[in-house]
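Before any comments, here is the structure.
Which chain is which? They are A, B and C, in the order written, and residues in each are numbered from 1.
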Amino acid sequence: MKKTLLTITALFGFAGIASAEPATLDAVADVKFIIDNLWILISAALVFIMHLGFSALESGLCQKKNVVNVLFKNVFIICMGILTYYFTGFNTHYPGFADDAAGIFSLGGAAGYDVADAAANETKAYADYTYWADFIFQAMFAATAATIVSGAVAERVKLLPFMIYATLLVGLAYPIAGSWHWGGGWLNKMEVPFYDFAGSTVVHAFGGFAALAAVILLGARKGKYTSGGVKPILPHSLPLAAIGAFLLFFGWFGFNGGSVLSADPAAVSLVFTTTALAAVGGGMGAIILSWILLKKPDLSMALNGLLAGLVSITAGPDVITVPMSIVVGLIGGAIVVVSVLFFDKIKIDDPVGAISVHGVVGIWGTVALALPFFNGGNEDVSLVSQIIGVVGVGAFAFIFSFVITLIGKIIFGIRVSEEEEAEGLDVAEHGAPAYTE
Amino acid sequence: MKKTLLTITALFGFAGIASAEPATLDAVADVKFIIDNLWILISAALVFIMHLGFSALESGLCQKKNVVNVLFKNVFIICMGILTYYFTGFNTHYPGFADDAAGIFSLGGAAGYDVADAAANETKAYADYTYWADFIFQAMFAATAATIVSGAVAERVKLLPFMIYATLLVGLAYPIAGSWHWGGGWLNKMEVPFYDFAGSTVVHAFGGFAALAAVILLGARKGKYTSGGVKPILPHSLPLAAIGAFLLFFGWFGFNGGSVLSADPAAVSLVFTTTALAAVGGGMGAIILSWILLKKPDLSMALNGLLAGLVSITAGPDVITVPMSIVVGLIGGAIVVVSVLFFDKIKIDDPVGAISVHGVVGIWGTVALALPFFNGGNEDVSLVSQIIGVVGVGAFAFIFSFVITLIGKIIFGIRVSEEEEAEGLDVAEHGAPAYTE
Amino acid sequence: MKKTLLTITALFGFAGIASAEPATLDAVADVKFIIDNLWILISAALVFIMHLGFSALESGLCQKKNVVNVLFKNVFIICMGILTYYFTGFNTHYPGFADDAAGIFSLGGAAGYDVADAAANETKAYADYTYWADFIFQAMFAATAATIVSGAVAERVKLLPFMIYATLLVGLAYPIAGSWHWGGGWLNKMEVPFYDFAGSTVVHAFGGFAALAAVILLGARKGKYTSGGVKPILPHSLPLAAIGAFLLFFGWFGFNGGSVLSADPAAVSLVFTTTALAAVGGGMGAIILSWILLKKPDLSMALNGLLAGLVSITAGPDVITVPMSIVVGLIGGAIVVVSVLFFDKIKIDDPVGAISVHGVVGIWGTVALALPFFNGGNEDVSLVSQIIGVVGVGAFAFIFSFVITLIGKIIFGIRVSEEEEAEGLDVAEHGAPAYTE
């Protein structure tokens, strides 16, 4: 999602134009601009629906007594996420590093206030889309990081501290990490720049590692890890979880497809194809491996496999070759099964598997695109740069999350009381159950 | 959504065309037409999904024993709404007031039969879209008014009388009110024309005021208002309600974005941005105020806050400035909390808050866009015209709804028996529960 | 969905181009190509969401104890369907019959491997869209056939045999039947070619007849047909079923609209209109007839009526006239009511009505478009060809399904034990319930 500021020549990025009548070409370029811009906007709507996907998946996978709490957090996150992105995120995210020697981070003003000419903002800020199309598309991404954490800390986190945490993560840390890559920051200034097409690292691994830190400090749900072994806490509604996973798959066509940042036919078609193939590869990988390991066809694993496939391909849907997109997804789906079992073994309690799906598989996708076997020998990507990027972003997310969670733990406490946890957060914190007879 | 009939010059609404080769420009204009038309169609699909949003929201917020009834009404409404819009609505809605001195209302024939040349109908009827694209987009809006009423009268209205009521409201009253504004009627002939971009007044306040009249005549659900005060009747499934609210938010990108009536990049990008910011402003306003007033984080209020933000901005997503769209939404979200509590105080029982969300907040949005603080000093809108418009449409909806509800009450009765209400409408009217074990 | 291979002239399919400057026209055609291709991709995403629609509809209509099983099958089907379409389907489906005298079927290699120049594959393979856009759009259709069967055999079929069955049906039989029509096969070589725009026969009737054969061999659910008559087995969640039906309606705009295979304004607008009118006609037809026959307003029938309307129009949304699309849908909706009651009478147990909705109504839609009353006297279609096509495809689907089901029955058995059926497949096969308290 790196962007080129508008130049006249950038408008003529298609064949056969050089010799044509200038006035007509302006008209043609204007029409091309309309399509490209429209696709960014439609993609923004598709990414928006991913928030319903997350809400349904997370609330479906948690217990019946904590559903209102999960949904409330998700509604808050989408509201807060778009607002903070408006006030601090957008301009922090794209601070114009070209003129910034340090290139670490930069805080800007509210979206729309960084240029003198407000009218210009509303039309062509970039080669292929308007200023506001760019803003709204990016804003829809912004809340994702907090949503990932929300799932991992569900069923025992205190509401108000989580809301503060989420605001800091989305309003401050996410745009900083994003600026390192998409804002032209240090990840982009390496000899072979870090490659992360739509955010396996910058969105997903970022969220996953923030979640890991938060879960370590928060502890497991009561009764999950007993002396007698791991006691599974079953999802309260698998249809709700399935609705969520399918909507995430649907929205991902906007997440990855919109990240082409134009409606370029070859690029968007390829991205749709590799995205879908990786998703179904992931579903298949998780179905097969979980069946072997758990001796039964496991629906939750299948759903997380679809998502793992999607996270796997998100770093390089335009770099990984079509046949290899299946393999990369398949491995991602297998990884998620092993990872979920592993975190349960080391007593890291993640009710929805978010750390595995977004964190662990986010690493996999970021690294996979640099392997010649998967990218067909693409020399514009470097395994070293990929590792530097994912370690840098992951470490930043983990440390940032760890520090603010720790501060929260010391100041107000971040965990509900044992009684509240037993009763469920819906009645304890919200005074209302999710379902009535 | 006012439309310009096709003129050749209207096709060249973009820069740099004047001096170009005519034949080429025809080709360019044709391609521009394809995009604009496609966006109207995609918007129609997005508005369609709002009917699932309404269905899920309304059924989620009502009691478990009345879910089938709510869903059945919604399926009927979408079927009836599109059919009546085909038979009487479309041509009534856009009757060509230019040639009509009275300008009050006019009934036409079925869609497609008002012009001699049927073939022309299927291609370029307007500058930016075909006749049928226009029809299907408008048809998706049409059923909304009845859906709003459906939520407010849920859990005690008799099915068949409601179906007749909804048919009259959607097939007759809605296109008449719509014609006053979008059909070039009297609201449009005021010195400063009434401004209602996508229908805060003409769709939402219209539905809200029709609902108010119906609820007054219908009475509250048994057991809601007792001598001991208001007894809350809890929603049977908040996940279902949340799915509904998110889908409405999603579909609203088509509702407002499609009402640009072209894919104009500056306009659609701006409308997407103000729509989303108002929605999340509304969610935040409702979260904060309900938390203060009710002393708990209330999910239903948060969901209604999102919708209130959306209704708030619907009159002027292209007039209210970007930063002020947040404020207008925020106030809309706060209004809905106060309004819901107020209607409960005066014993107007509205199970889903539809009168508040669509009626009261519809007024707010319509008026807000005329305030210089919110519209940045736009002189094309007038507070007086806005008040005249919302009072005119609101009064018409209220009176029309009151009269037909009263007639229905006298002729067949509009309320189920006490036994049926206690048993629930699902088994009493439909012979089947919504859920089985 | 028949496709034209790229020719330079095919790019200039719009008015006023002949005399223009060549270089400019290349640019204009390029821009037109971007839109057309984008619409195919957006349609692919819309068709994808139909798989969530099917999942929700089928799981909603079945019993609570079999929900995980239904959802698992649907997740598997989308994964398997896209993968087999990649490996064998796409090239089998469009094998280039021009050079194939026999024209019965042909098996190709994996998608993308049938031409020497891989790069060309990624850009303009056809006049209006890229190779991969075509692939992903068609791939989303592919799994549908198995999903239809999945609903009909729900609640008593053994999982693993069904998975093998579905793989053979989708990976082998569907592309063969598809190739007869869309691949330029024998149905297309009749004097008046068989007409099936988006697949009333090739997708829906195909799935419906495959389902019929499977259900005949599988038998009814225990306790459905007793000596005391038919004992209805009620749906476990009608809201879930309603979500499914609405999402199918939503996705159908991509299924039919995308099958225009370009964003042609007249064609796509018309297809959207006839599709929506047929759907609501179908809903209305089912509501009215089921109310008369069953003496109550039946939500399941109303939902199946919407789908029946959609299946009815799918063969000829561009052939059936606009007013007649309502009638064709209305009759489709009435047929589904009668058909569901009929199959119950002859003890063919289809828990979701899939055989009626897709099989019986698929025939209706295929035949209806050839009746002059409905198509306005279109002479490009022939009733005889339509009957030959639907009988040919239906018979092939039935026989193929019958044979492989029979082989499965003999080799491993295709039905769960009576104990497992009584307990429910969720716990018996998946070790987990769909819902917990």
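In this section, contacts are C-beta pairs under 8 Å (C-beta built on N, C-alpha and C of every residue); 3 or more make two chains touch, one makes a residue touch a chain.
Since the model is a prediction, treat every value here as computed from it, not as a measurement.
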I need the rotation angle between the copies chain A and chain C from a CA superposition, between 0 and 180°, in steps of 5. 120
Numbering shared by both copies at the chain C-chain B contact, with half separating same from different: different
Using CA atom averages as chain centres, what separation in Å is found between chain B and chain C? 33
Hey, what residues on chain B touch two or more of the other chains? 21, 24, 28, 31, 35, 42, 237, 243
Touching chain B in the complex: which residues of chain C? 14-21, 24-25, 28, 31-32, 35-36, 39, 42, 46, 63-64, 234-239, 242-243, 245-247, 249-250, 253-254, 257, 263-266, 268-270, 272-273, 276-277, 280-281, 283-284, 287, 296-300, 302-303, 306, 322-323, 326
With touch defined as at the start, can you tell me which chain A residues reach chain B in the complex? 21-24, 26-28, 30-31, 33-35, 37-38, 41-42, 44-45, 48-49, 51-52, 55-56, 59-60, 67-68, 71-72, 74-76, 78-80, 82-83, 86, 110-112, 122-124, 129-133, 135-136, 139-140, 159, 237, 240, 243, 429-437
